[in-house]
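Lettered A, B, C and D in written order, each chain numbered from 1.
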């Protein structure tokens, strides 16, 4: 491909994240993946919710909706269904996606839409200044849990396996190269892709820091993990403690996507159709 | 225990379910379980949402809330936390619990509250006269999917495994005895118990009928399934087709419940405490 | 029985096929050239209880289901017990004497009791219980001297060519009932002139769905909820063929946000629900208002509060629609008065949504949503105005939220090269960047906010101009002016006609289809010359009268509120008018 | 600088510790016997941007943060650029000359520029950047001739006994600043008499949380949302020790429904949120209204619509609160005017909720929720009225939804033997059984519905009697009456005092704390003798003025609306009064 077809995806707006925030690495990785894939910014749409992480769309040159807290998946779904030719990417935080939004997350996955969902999981509520998130570990002390969290954390990888996502992966802001690859592969994958990212909040989560993760994380791909084996993926999804897997947990190829099955598409893409009814006779007849 | 301590749990109100509806068997099973457990009706509370199935509380002599669609778990959670001495049971339909309510379902499970949740899963929306539900099988034709469902169904057992429920089971209205046993064991279990029930809708689901299930279902317990083995439970959770397992998939004993961990209970049960602050000095001092 | 019209009622238990038999009859009347209006009284149970449907058919247009029945089919004893005594003079009651007993001495003068062994006769044609309804329908066709072939044509349309055996059974059963009465077992005064004029028979929901199709809706997301569900059913059945993506979402939070996503994507998008689901859309509506994404939301009201009376009618969600979403944002609320307006106003709603790039709320109620009415064949060739789009040739000048006099900014959609922007729910600047991203705390951030908020709110001016004021119906000068909104129009006009015909006084009616932005000037103009006013609405607190007062300071002299779940009948209004005007 | 008071402002970027330094100063003032009112101007970003906090301290009570600063600490150049020129005559500006340059010729008369090498001095005590703030604070303490020991006591309270090293560093750094100015590097006019009177310094949110504790709340569920979050933080920190279950829920749908579950369980239950979260509670609120479950809901308003201005103030959610939930159900809306009322009205709200068994909405706004104000030590010994409970001795007579004159029915809670019942969201009968279960379609179902709906709505009468009318403040006769609700009171009263002192005309103020049910009679009585009226409120459309008009037909003569996200300052109101009254 000629050079001029590679587009710049970084907008002129400077993120206001705290210095050291994991989200910078995610932004860079998204940028790199989009550039590598030689996508055109006007055919890409990034949908986010509310949270520090959800500001991400503003820092890219694509289309986007910076929506409301927890509704990334419905907005992305509506947009993708209206125009399946777009590359639709959801982004946001752990609170947004796995807390208030977990219901939509489950339903989006079982639809297997061709959407990539990147969750910046910092195990804390950043923007609201440090309350427990659904992925906060048990006993973690936060503003809302001064005596420690007493809930078991949500396991996004396990939920994704249970719900029919066809590409399930986890990255780490401390491994920007690996992260960009996961995102790129996720976008390329036809079907619902989850990229869960450990993206440390350096301001409000003093526990799950870069240093917390670095000695623990390892790459599934370097261990020859079989991404087609759901049982193996399930085991890896449950692994947590001294060793924490990164990389691709599971991929199901060739599963029909929602877009493949949607009956309306037999008439073409909704956005490109003529409006209205040219021959209403049948509708009228039926109502007589 | 002396005989007079066994209470009648059936109220005088006659259910208006269609003749043959699976929910009758669930009602009977709940009744039987409560009676067997020799519970006192005034210490039992049944919380439901909206749907045919959600009418169930009215047919029992316990306390109850017939709430709104999808919010069974939050209401039950609030009640249980306010008065942990109550036996709190959630009931409702597949739409209620796994559709609109699936987010709360996930969060309730990860809390491991000592609540039993009985979902009458008829794979259809009954009360609204026959639209697809989150457990409707792919390709099923309903009023809202005249060309067939194109989503993959929710797998409640797998979701429960992924979310930390400590008692996970499935019953069938066609096996009332087994169902009553599952419910009884669920109530006895300390921690979150799920009893997913195939409870056929004879009016709107002409596919997943009693006759559909009868030749397929078998009892896990008769097969010496190890309910402590999460990996085995996961495999069984995915089993669907010619053979469909019933019974207890998974039990985790001894996991602390939310009630065990809640710091406020060090002061006693909320309901029984004196209201207000007897010694506000510390609060005042701090604000000076 | 009134001249030129007949009110037919069939009653039984849920599951007896009452509504579908009534529909067959309503279609038969429609194809016989009559105007029809129906109402179904049913419960939130799938089986049992007591349900009935009324079909009123007339030579001249009818706007409500009327009052007492002229012809009654009693499928069970409850029906006889509750309704037989109300059958009008000269009317008829059809029962299976083997199943239902009628107290003859309670009947009105000249009511014919037609006893037909419905079940027995039906057995010849089918073992299905419901076939006895068909026998009864056949009898009614006979009693009313209708063309049996018209009935046959309706049955054929209903079952299609593939189900010849079902058609045969139905026709046979109906014929048996027809012949039974033809043998002199009853005949009514020939009630109406039958013609071959062709009209459509649609519910409000169907009219909305058709209006949406005509308008080019390409995305509809909905979660089922009575009385809005049949919009989903209609569109699911007919939409995909016309390229419409129709999605049953996981809940109403998803419905509205999916519609917003699709609207942002550039297609016409809609959702529909009732009050409970609308409650869940409240946050999303505000989002659409802020993103300036067009979306049409149908709010089909039912009895509240909360789950309330799920299968009963009410007009109790106006406060909810007015207050939906934190802060101020521009919305329009339209309350069609009848099935024809359901079609027309859906078209209007899509145009307003696109032109003003904001959510438009279409409010109906159970009785309008689910009742059938005859309409002249809809003209699907409707005006479509997609509003202001960005100048394709000047991407460099594009600002999605350009501050304009009208408050409307040029729109661009994903896929348009050079027009990328982020639609954000935080307050933003003209190009869509967030104030907090680029001006966090800088003094001019306040100005930018005010400019943008003003801009959005200015759309209300345009919407006010683009919609028409209330309609004054009846004599221009009157002793009493009834004020109403939405579907109350039907029984209200009929009540007025009756009062004006029978009394010295004159009553007229001020009817609101465009509820918000409120037509304050027109209202003041009209009401300042009104002698006495009375608001007629289907809720407890008089939500519309409060809105009117908030907008005009005008207090209604009288109020008629109904909140028992049943629609107004003309006589309710007539008697209140008489009370207020001190008529005998 | 005004006599007897000082306005202190500190500005920098998010993350510079501006708010916490200001709090330290505010506490020092409070412990010095001054009345304090603060305001934080901040952004929805964790780092960067421009933020500042003002602390106004006075010998006499102050109800708002005032206007221009007398003393300004510039932690960065932005602060100097934006604020230095506004420092009042005779005031002082503290900067680190190595970091910040001040344009001297832009300063007002007699403003002292105090240049202190803040960072350098701080290095001796700590490497933490924030320590330079402490140096500056010490300097201010010196400039204002405050007792340095009071400052030390505040630092000690803040860090507790366990952090002696932190305390030492802070005290050392402050002393360095203090000594720097003591060496003649600046001194202000002694601004106020310091005393040892002890008062509390609380935010509106803290006052609400304390009020809830005093009232015996036993369950609080909340999802974080600015500006309500500190209620959660306070209760999470202090609740469990007092036996309060405090739950961060998964969303606001869960918060309200958990609170309903707990309320049904018999404990006092609360939730808190802002407009976006309240939008998600709309359906649950109607549920509580229908189940007749007491629950207190705090709605802390911020700038809308949608995500809007998440860290800015507004009074734009009144329509939302009024319209929440489909259908009609009884609610009360209370808008405390200051921190003291936040405490008192929370107590009131719990009592109203229990007595009327329905949701009570407590509305604040960002500026009241998050600003500190001094209050006299709260009396935690508050009246508690749990309302009507069932007669324990007569379970057989118990009907949960007994129709009564007051609309209130006896309540029983799970665990009470013989009092079992189902609280249902469908319309029900006196004993709680559903109409559709036992009367489906029977003619008397309509009556039962009407009886029950009337019963519920009658509670509004009782709530009206149990709450007081608007407060008329200022001269009884006036040329202009300002009408306001909630926190606008503070700047408004100050504006009135100023106008009345300086002009011939007299202005007074009609203030609403109890917003709904609306006190129509009192309002009419008071306003009928008003010469001119002006509504002052913090939103675009004048939501309160609309409510007032809907309830009374009274139209305000003038309106002052502010919706730029910042709170009213007295001068905004003064200048509008002057404009309206045609004063120079």
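The rule is simple: a residue touches a chain if its C-beta (ideal position, glycine included) is under 8 Å from a C-beta of that chain, and two chains touch if they have at least 3 such contacts.
Computed from a predicted structure; not experimentally measured.
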item: From chain B, the most remote chain by mean C-alpha position; value: D
item: Pair with more cross-chain C-beta pairs in contact, given B-D and A-D; value: B-D
item: Averaged-CA centre spacing for the pair chain C and chain A, given as whole angstrom; value: 41
item: Distance between chain centroids, defined by C-alpha means - chain A, chain D (Å); value: 37
item: Geometric centre distance via CA averages, chain B-chain A, whole Å; value: 31
item: Per-residue multi-chain contacts in chain A, two or more chains; value: 16, 50, 68, 99-100, 102-104, 107, 134, 147, 262-263
item: Where chain D touches two or more other chains at once, by residue number; value: 44-45, 48-49, 240, 246, 250-251, 253, 276, 283, 287, 291, 306-307, 424-426, 436-437, 440
item: Contact set on chain A toward chain B in their complex; value: 99-104, 106-107, 110-112, 134, 147, 150-155, 158-159, 161-164, 230-231, 234-235, 237-238, 258, 261-263
item: Residue ranges of chain D touching chain C (in the complex, touch as defined); value: 14, 41-45, 48-52, 78, 82, 253, 274-276, 278-280, 282-283, 286-287, 289-291, 301, 303-310, 314, 316-317, 319-329, 424-427, 435-437, 440-443, 446-447, 449-450, 453, 456-457, 539-541, 543, 546-547, 549-550, 553-555, 563-566
item: In the complex, chain C residues that touch chain B; value: 15, 44-49, 223-226, 229, 232-233, 236-237, 240, 246, 248, 250-251, 276, 306-307
item: Footprint of chain C on chain B - complex, ascending; value: 16-19, 50, 52, 68-70, 99-100, 102, 125-129, 131-132, 134, 143-147, 203
item: In the complex, chain B residues that touch chain D; value: 13, 16, 40-43, 45-47, 50, 55, 57-58, 61-68, 71, 73-83, 85-86, 103-104, 107, 262-268, 270-271, 273-277, 280, 283-288
